[in-house]
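In what follows, chain A forms one complex with chain B and a second complex with chain C.
For the complex of A and B:
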């Protein structure tokens, strides 16, 4: 049982009390809302109504004068003054797996940690017991969302997976193992560690022991995954659909000291009936995201939480024969808000038909570096995992100063 | 009309359009075809000359059209429905309403021409006065977008079909209440991997007597395009007509002689299929020059107008209104055009 936890929680979490809300609040945090499959920029952040590829949907005004977004996001339009939109992503990637990896790691070379794992490592504090990185997704076969997490940072910074808004099942001791038996096994393990410590370096062994202690602690704290403990009005606010429940659970985890939560919203890969599809997906997103931003703002969470909304790519301006839009990495959009972010702005610009970036081009590495900066982490910070210092940010990338305060 | 043999169906004319066409409908004489496309206008196209008249009033793609004897109704992606008074000489806007939020997927007209029904993105079906555009009833109960509506020939029942739910609902027009459901699970192409319903119903049609209800769409993930037939009295599915075309039947009509005509499309390709209820084997099927999204039967029952997209590989560059003749292929295009013009 504990082995399963260790695989996910990693080692070295130390035997200290869990962080309480006040302590956690002072630490920067990241909520990554990943729209997996690749949402259409033309139906969301960068509408081009009435143009050759604009599609049938309209643009609507927002709370930021002169800024319009797609009509499928009417609630989001009301909180545009709270968010920054980047309309000039040119990542050049049209493959789901590569896109997932590059947008989350800032690199195309394999082996680097994704932002969740990086944040878990870089924002780690002594005494942390909760996992640094929790990922939420729906049940289903492995898909392109599973691109690996921690890279060279190792299993300690892998994400803990929450599926279908249920806490990891290994947080409950199996009935076949009595509490007393579990205690005896753990004592045996501790005694062995103690013996093994003689004449050896302490750190790895203490880290190993700490993992067990943390696992036990988290088992006692599994209530942090229980959104039924939130008020009925908050559950209503976020919505009863999976995305809404995951977002509410994300708030709960962030408030309790998890450094990064990634919530995956699935099925934006609209190769067919793109407009119908986006009506469905945007409806769910627009139900929850503006409520989340407003709620985070009211609770003061936006002051220290970076909230990022993005997919792994955009969608072609051209509409295919099935009424769909296909994969597109040349000129697309994302949004962000929260700590370090200049709110109510639009960065970058595409041409009239949305086929090219004409101003403020942004690459995946630039985004990654900007996320780090927003979290008060210098992209030049170096990991010293294997003796070879490795910069956390993309050395070839820039920081998008215009979207940072 | 002499008996039609669908196996004779052949293309006789094509009128190009700068963007893909979405829907088409003959006027009551067959002289004009009204069409909606990936632009923001209703088009009136003179079949003989190809001359187009733009009818302004829509602000987005016109995706559904229906007609009453002297009226024509067009619906768009903004949810607007416009009624047009239509004569051979002119087309005049009669009224315009915001019928649904965002998209009107379907318009149908009651047999007596007094009412129209709409179905939309909001999952509602609504009943309107054809004369004034006044809303008379709302039918609630669908969980997904309504893609098709049709009046039963008895004039007191409406059937609606939704994209996700795989059910057809029958409504009582007098009470506004749901009478029963028809199981359309065979139309499903749900993929759990993606949690996406790729199938779903797209079109509905009744035969002239109202004894058979037909529903078209797609069965299974990669096709094939399929038609389901139901016995109206029992509500039971009686037949599943599965084509060999990997794509979707977007629309279908019963010919007055009792056979079905369905138009299909997929990436770069399209087909027309003809079936006689009671016969599993299709009467005929022909390839179309591009994906076929809509069809309408000429009032003479011998010609078909089909709205298509054309060009490009997977991404169409333009559209065309293509005409097919179901009579033996012994006439030139010029003769057909002249004959159509005379009518």
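For the complex of A and C:
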């Protein structure tokens, strides 16, 4: 089926990917928008204007009667009836690395796959050739945006990385290597591996060989990473900033059969000038996210795609002497929409000053289980790896029924 | 340098003999490598596991060269070893590798990755550069500096001393953040990850206590980064004040602690009058130096056999370096719920480290001599695959990024060609030095340094993300795309310079000769009959002989056999 798709890529997919449709529609998908560094809940989903720690910004009404969000998100306010907000996260983690890992894996013990790898594995179908998990970020020194990995699921479910909206590196064969030469070499290599396999532990040898097959498949379909093939109006809709281009590329990949895409939005770590900082970050986010939700809804993508917006932590109610807010894991927020999710609701509550959760407390494991459930995967599903079967969800966590359909 | 190492070894041997005489434990005179085999084999009997057969000479040569010298041998070296008919050739090979300059260069790379974990400091200030740091480690391993001394050099360095100065990199790559340093001191020097214990006693493991973590933290919380403006150098400053209090986020229980190592007693501060607290008092743009340094106490007290975990951690890590997994595995998960696969063996290795005064080479040598290490990677027939912790079959291990990068240069002929050039130059410049070149670290290091820019892109493509420990074999599509389409990589296989593998192959007449040279150069073994046949067939099919040789070479460089240590 995917083989037939390859030919169509050169012509551009137009508004709707007809050939890929069957594959894409028959399974759930995940778009994770990760606000790396930790956005302030007080300047976004859970404003507390006029209180001790509320800061100088106002709250604005939204399309959901009685629900207010921060004034930096005016466009998002208009689509609040399309999303669910959780205001009662208590994860207790104030470290970037740990937060990235725990929020994406639902665990604190190392070695578990992050949601992208987990979904790539759990939603995998026979005959898949594209990577199940693609991650997009900017080029930069902050390594903690990459801590997520496939854990015990192994390299096959590791993310393929898109940096600065460029296709993954080395997708194009250099002119000096003809296709026939490459094919001859690959055959010799495969024969060599076949001999090496005799009498040896197969897993590592097959894993290595598998990367050659995936590499060839990816090279053939590199057009799915080219947003120039999308219409000018769609490119305008998502915006020409990196976050916007990544979100549009994410749509393109999801429509073509990639089961999970993670888009990283950077620089939310506002230890100083928190309000100025959030003005900037939110303006980018607010330019693209509401447009994406509306667009996904119009195209029917929201029916089978779970869209998650979160960071690795929130920010302290207390404002430090540089006008910043610091790391905070005690009472903060996230948002989600798409398949399986109740829209237009707010779950959980913090106290008047935003210093603690007073209703509907949610932990990282609960969120993870809820993501799985929204994707029609039971958190009790077990990975059949070597040794004991391991549950996909956090056995200590529950599912947040209130935000699910 | 060599003389110092020899006299050090002699001194340690005497110490060992005296220790045996003093304790009367004659059984300990049994060499460690036979003890290793006894312990490992005892478990096979209990678990009804039949082990793999002994590795062939070629398999052993490749493995031990990778483990002790970090690089596969040249075709010339492989021919010599395979042709050697003496009985003790494996022992002599082990000793030659341990004495080689490559050993020091390799171990420096291994410990660079282990200790600095490819981290980069978040402060943009001057850092100890990679080459300076690796030169420091190279020197230490060339002298076979005992692990306790090297640990002391690293933990005690404040960046001011010329000799131990580079050790401060351990702090700098963690931005001299006391929690990051404390956690990694525990992980890397004691084999314990106190990640959760930063906030509360670890509910999973009884022996990971919040108070123990903060005992280590208390050595470090007064230390901070200082950049000397004049020299633009990074150093450590330290205050004479700052106590450590902690609260459990679970129980709300509060604690306070002086510096204390797990299982040990708190180390009281020297009582001092307020005005005498500082050698250099806090002031603007001045490196604060306390009269009594808690951090120096860490360097002083931690690298001792009395410190729970110190000897065991290095014994376990050196074992893992040779065997592909620790007796405690993962390496930093030593706690009650994750016992060693072979407790008595781990005790024996730990004791060996202590009794030899932390002689790293000695432990590696004993492991290499063991039959367990020398088993084949061919699975024993007629039974399920033995579990990895049985060590009944040699595992297929990933080459480290460094091993892979340098192996490319070795196999493709780039490194051997550089060595030949350098040899010719040296022969003219200094005939005496030429005679001793195989033990000449400075000379060898220069050859490697000159090729560094060629090796680095390869190494980078296969290196883990900063802060991620190197682990199991995890090939990715991205890496494979780099191999396939990174033009530079193919250029290596293309040859086109004097001494390249292709230029050597093209001189050879018969397909069998070509297959022989190709397999010895890239895969460290002779080809099987069907492999000679494949080479002959390929040469016959292709009209362009050079292109055909390039394709054969490239395919071998892409093979799983080349990618793994087996």
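Please note the rule applied: the second predicted complex is superposed on the first by the 359 of 405 C-alpha atoms of A that agree within 3 Å, B and C clash if a C-alpha of one lies under 4 Å from a C-alpha of the other, contacts with A are read in each partner's own complex, and residues count from 1 in each chain.
The criterion applied here is as follows: a residue touches a chain if its C-beta (ideal position, glycine included) is under 8 Å from a C-beta of that chain, and two chains touch if they have at least 3 such contacts.
None of the values given here were measured: they were computed from a predicted structure.
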Which superposed partner A:182 touches (first chain B, second chain C, both, neither): second
Most chain A residues touched (candidates chain B, chain C): C
Contacts of A:311 with chain B and chain C, given as first, second, both or neither: neither
First (chain B), second (chain C), both or neither touched by A:212: second
First, second, both or neither for A:269, with chain B first and chain C second: first
Contacts of A:50 with chain B and chain C, given as first, second, both or neither: first
Touched partner set for A:360, first chain B, second chain C, both or neither: neither
Contacts of A:171 with chain B and chain C, given as first, second, both or neither: second
First (chain B), second (chain C), both or neither touched by A:348: neither
Contacts of A:97 with chain B and chain C, given as first, second, both or neither: second
Where chain A meets both chain C and chain B, residue numbers: 141, 143
Of chain A, residues touching chain C in the complex: 92, 97-98, 108-110, 131, 141, 143, 146-147, 149, 154-155, 158, 160-161, 168-174, 176-177, 181-182, 184-186, 188-189, 191-193, 195-197, 199-201, 204-205, 207-209, 211-212, 214-215, 218-219
List of chain A residues in touch with chain B within their complex: 49-50, 55-58, 71-72, 138, 140-141, 143, 266-267, 269, 272, 275-276, 279, 316, 318-322, 326
Touching residues on chain C, where the partner in the complex is chain A: 120, 122, 195-196, 199, 204, 249, 377-379, 381, 385, 393, 395-396, 398, 465-468, 473-482, 484-487, 490, 528, 530-531, 534, 538, 547, 551-552, 554-556, 558-561, 563-564, 566
Residue ranges of chain B touching chain A (in the complex, touch as defined): 20, 38, 40, 59-61, 63, 76-78, 102-103, 121, 145, 163, 192-196, 198, 265-268, 290-291, 309, 312, 314-316
